[in-house]
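Okay, so subunit A shows up in both of these, paired with subunit B first and subunit C after.
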Partner chain A sequence: MHIPDGMLPGEICAAGYAGTAVLTWFCIKKARSTNEDSTIIVSRASVMAAAFFVVSWVHIPLPPVSVHPILAGLMGIILGWISFPAILVGLFFQAAMFGHGGFTTLGVNALSMGGAALLAWAMYRLLRRKQGERAILISGFVAGFAGVSLAVIFTGSVLILTIPAYIDSGTELSAILAMAAAHLPLALAEGVFTALVARFLLRVKPDMLL
Partner chain B sequence: MPHENRRRRVFENWDTSLKIPSLFLLMMSMALIRDQHLISLLPCIAAILFIASGVPLSLLLSRFRAPVVFLLFVSVFLILFSGGDTLVRAGPVVLKSRGAILALNTCVRVLSVITVGIVMIYTTPLSGLSGKLKRMLIPRILVDIGIMTGRYIMVIGEDYSKMKTARKLRGYTPRKSIARRFGVIVPTAATLLIKGFQQSERVFKAMRIRGYGSSFTGEDRGYALKKTSKSGIVMFLATVTVSVLLIILEITVETA
Partner chain C sequence: MYSNPVKSLLLAAVLFLITAPVFGHGARVTWEILGDSVHISASFDDGQPMDSAQVTVFSGAAPTVPYILGITDDYGEFAFVPDREESLNWDVQVRKAGHGNIVHVSLAEDSIADNEQDRFTTLQLVLMSVCVVWGFVGTAFFFASKRKRYDAHT
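The block that comes next holds the complex of A and B.
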């Protein structure tokens, strides 16, 4: 899921950093406009970034590879705008501490996973207009499922479309779809997990949900 | 071993605000290289840097594990689906020569860039890093999140193992049923998050009360007093020169 260093051309890496810089600035600005106390922003983002980092130790066997949870959807529904900077920091730690992803590809990886988290949050907000546990279960599932699926589609597209190979577009599209299909069980599992965690938080500490 | 330690100290003492930008520029310029002849230079540059840094080989090899799996899949995809002459034919599977060259180039470039990244991260001391990152125009809020995340990775890990032990002591045994497993994992994860939020809010407030984030902290004073060494400047200039040369050579080859 994470693109390692050296995989993408320098210009794509630079563009990824530029996009990440703009989006980080925008997300922090938005978060500050809705939440004046930076203590809350920093403490919430750091706990979720740490959780994002810790879950990458959990490996789920999916022959012939193994995948790990991403929590992009859950981060979106708990952090909202701050989910993007939190994922950026989590990705940095993953690259620094055990080589998942990379430093030159940090911008692109952040755009695909952080972007997925923001879109998952948007879907959650759209579906959560109704009150009650049923609404939160549905919106939580959609956010968790979309978080993984969108991240896989973004990452796969960037990877396959930037490889300067002599591969026809049909094969490229099949590869992206195959990659997404391989992550389908994980997307479903994360959808269920996000829905149940969201319901738990609604019952115990509803102010944690945005 | 003493030689390695001495070499490592030279890299560790290399001013972070010069080391990170220059090594990062080198990584970016290496990632830019697509010409086959220039790609053969990349492992040489990475090897020189790695040997000079004194980072243990075992560490480098252990860090190659994750990207090697990824590279394996990309290589198989490239070899099978790229065009070019047929290299090997085994029934319905046809290995293409162009794909093989591309896969080899990709592997060499990826491993070279990762080596430079490992040198950068393992020779950068954490003490005083936050102040230096802020000086490198990294937004303060991002640095704060980074510092607190580093702290909470350990806290969440410890809390999780405590909860696991408590569960075992109460007689819980993991079941095969996925629904039952979810029934245990979900409250555990959610409780960890709630505890983490409350704890981190308290810790960050306490840090601020003790002066964290003010403009005149000990770490910033130390940074101001510490002069950049000559060897640090020489290494910075050498790294930047190599990076710029690589970019120029790639552009020249591409346009020729």
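The block that comes next holds the complex of A and C.
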């Protein structure tokens, strides 16, 4: 899911950084406009960024590729607007410590995963208008499923649109589609996981769900 | 435990950190000169070979024009014979589904064939991750305690 250095043209990397800068500014501005205590926001963002950083370690072999959890949906429903900056920080450390992703592609990776988190959160809020555990389970599942699916769609689209002319585009396209298809079980699993976490938080600490 | 979900999440993160298999998803590409040819070996950093990955070789004389195109075999390996008169410096890109890496191959005699990319041991990875997670969690505790102090004063 992380696009490494050297895979994207320079102008796409620059556009990714520009988009990420604008979206980070916008998200922080929106988060500050809420009435929530900034110390709570930062505390939550720190813990969730740690979780996001660590899950990239988990290797789930789904031939012909391997996948790892993303937690974009969970980040979205717990952090809301601040999920985007938190994912950006997590991605930076993943690139710096393990070489997952790259520094030139950090902006694009942040847009795909952070953007997926924001959209998953929006879907969750739409579905959560109804009260009760059933509604939270459904909205949590949709958020978790959408978090992975949208990140895969964004990343796959960027990769497909930027396949270099000198390589066999058919082979690369097939490999990208295989990678995307391999994420479907992960999306389902994260949907279930996010739904269960959302229900748990609803029972014990409902104010953690945004 | 139920009274503090942040602690629960923190505990889950720590347990996860301890039990999670240390695998990555980056790509590792190494090269070796054998006679006249350069042998490339590509794998994901969990050791799985990058089979059927597309290999593009660029000459140092024309670094934007592909010199050789090819595909790795089932073992993630590929070999090519560089033209030493063309250049002594070559770049090799290995790519599969947007994952891969680029390595610089130097044919100069005085170059040390130490092309092994830095690969951390499991212990190093665990320690590095613990440090980063500690930084995140420490930040969380810092702000949480700051709020408690504020609440106590008001």
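By definition in this document, the second predicted complex is superposed on the first by the 193 of 210 C-alpha atoms of A that agree within 3 Å, B and C clash if a C-alpha of one lies under 4 Å from a C-alpha of the other, contacts with A are read in each partner's own complex, and residues count from 1 in each chain.
Simple rule for what comes next: contacts are C-beta pairs under 8 Å (C-beta built on N, C-alpha and C of every residue); 3 or more make two chains touch, one makes a residue touch a chain.
Note that the structure is a prediction, hence the values are computed from the model and not measured.
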- Query: Of the two partner chains, subunit B (first) and subunit C (second), which one does A:100 touch, if any: first, second, both, or neither?
  - Reply: both
- Partner chain in contact with A:68 - subunit B first, subunit C second, else both or neither: second
- Query: Looking at the overlay, does A:43 come into contact with subunit B only (first), subunit C only (second), both, or neither?
  - Reply: both
- Query: Who does A:16 touch here: subunit B (first), subunit C (second), both, or neither?
  - Reply: neither
- Look at A:176 in the shared chain and tell me whether it touches subunit B only, subunit C only, both, or neither; answer first, second, both or neither. second
- Task: Check whether A:155 is in contact with subunit B, with subunit C, with both or with neither, and answer first, second, both or neither.
- Result: second
- Message: Just checking: does A:147 make contact with subunit B only, subunit C only, both, or neither of them? Give me first, second, both or neither.
- Response: neither
- Query: In the superposed arrangement, what residues of subunit A touch both subunit B and subunit C?
  - Reply: 2, 4-7, 39-40, 42-44, 46-51, 53-54, 65, 93, 98-100, 159, 164, 166-167, 171, 175, 200-201, 204-205, 208
- Query: For the complex, which residues does subunit A have touching subunit C?
  - Reply: 1-7, 37, 39-40, 42-44, 46-51, 53-59, 61, 65-66, 68, 93, 97-100, 155, 159, 164, 166-168, 171-172, 175-176, 178-179, 200-201, 203-205, 208
- Which residues, counting only subunit C, touch subunit A once they are in their complex? 2-3, 5-6, 9-10, 12-13, 16-17, 20-27, 44-46, 48, 52, 54, 56, 66, 69, 71, 93, 95-102, 120, 125, 128-129, 132-133, 136-141, 143-144, 146-147, 150
- So, in the complex, the side of subunit A touching subunit B is made of residues 2, 4-11, 13-14, 24-25, 28, 38-51, 53-54, 65, 78, 85-86, 88-90, 92-93, 95-96, 98-100, 102-104, 159, 163-167, 171, 175, 192-193, 196-197, 200-201, 204-205, 208
- Query: Can you name the residues of subunit B that touch subunit A in the complex?
  - Reply: 24, 27-32, 34, 63-67, 69-71, 73-74, 77-78, 81-84, 98-99, 102, 106, 109-114, 117-118, 120-121, 139, 141-142, 144-153, 155-157, 160, 182, 185-187, 189-190, 192-194, 196-197, 200-201, 203-205, 208
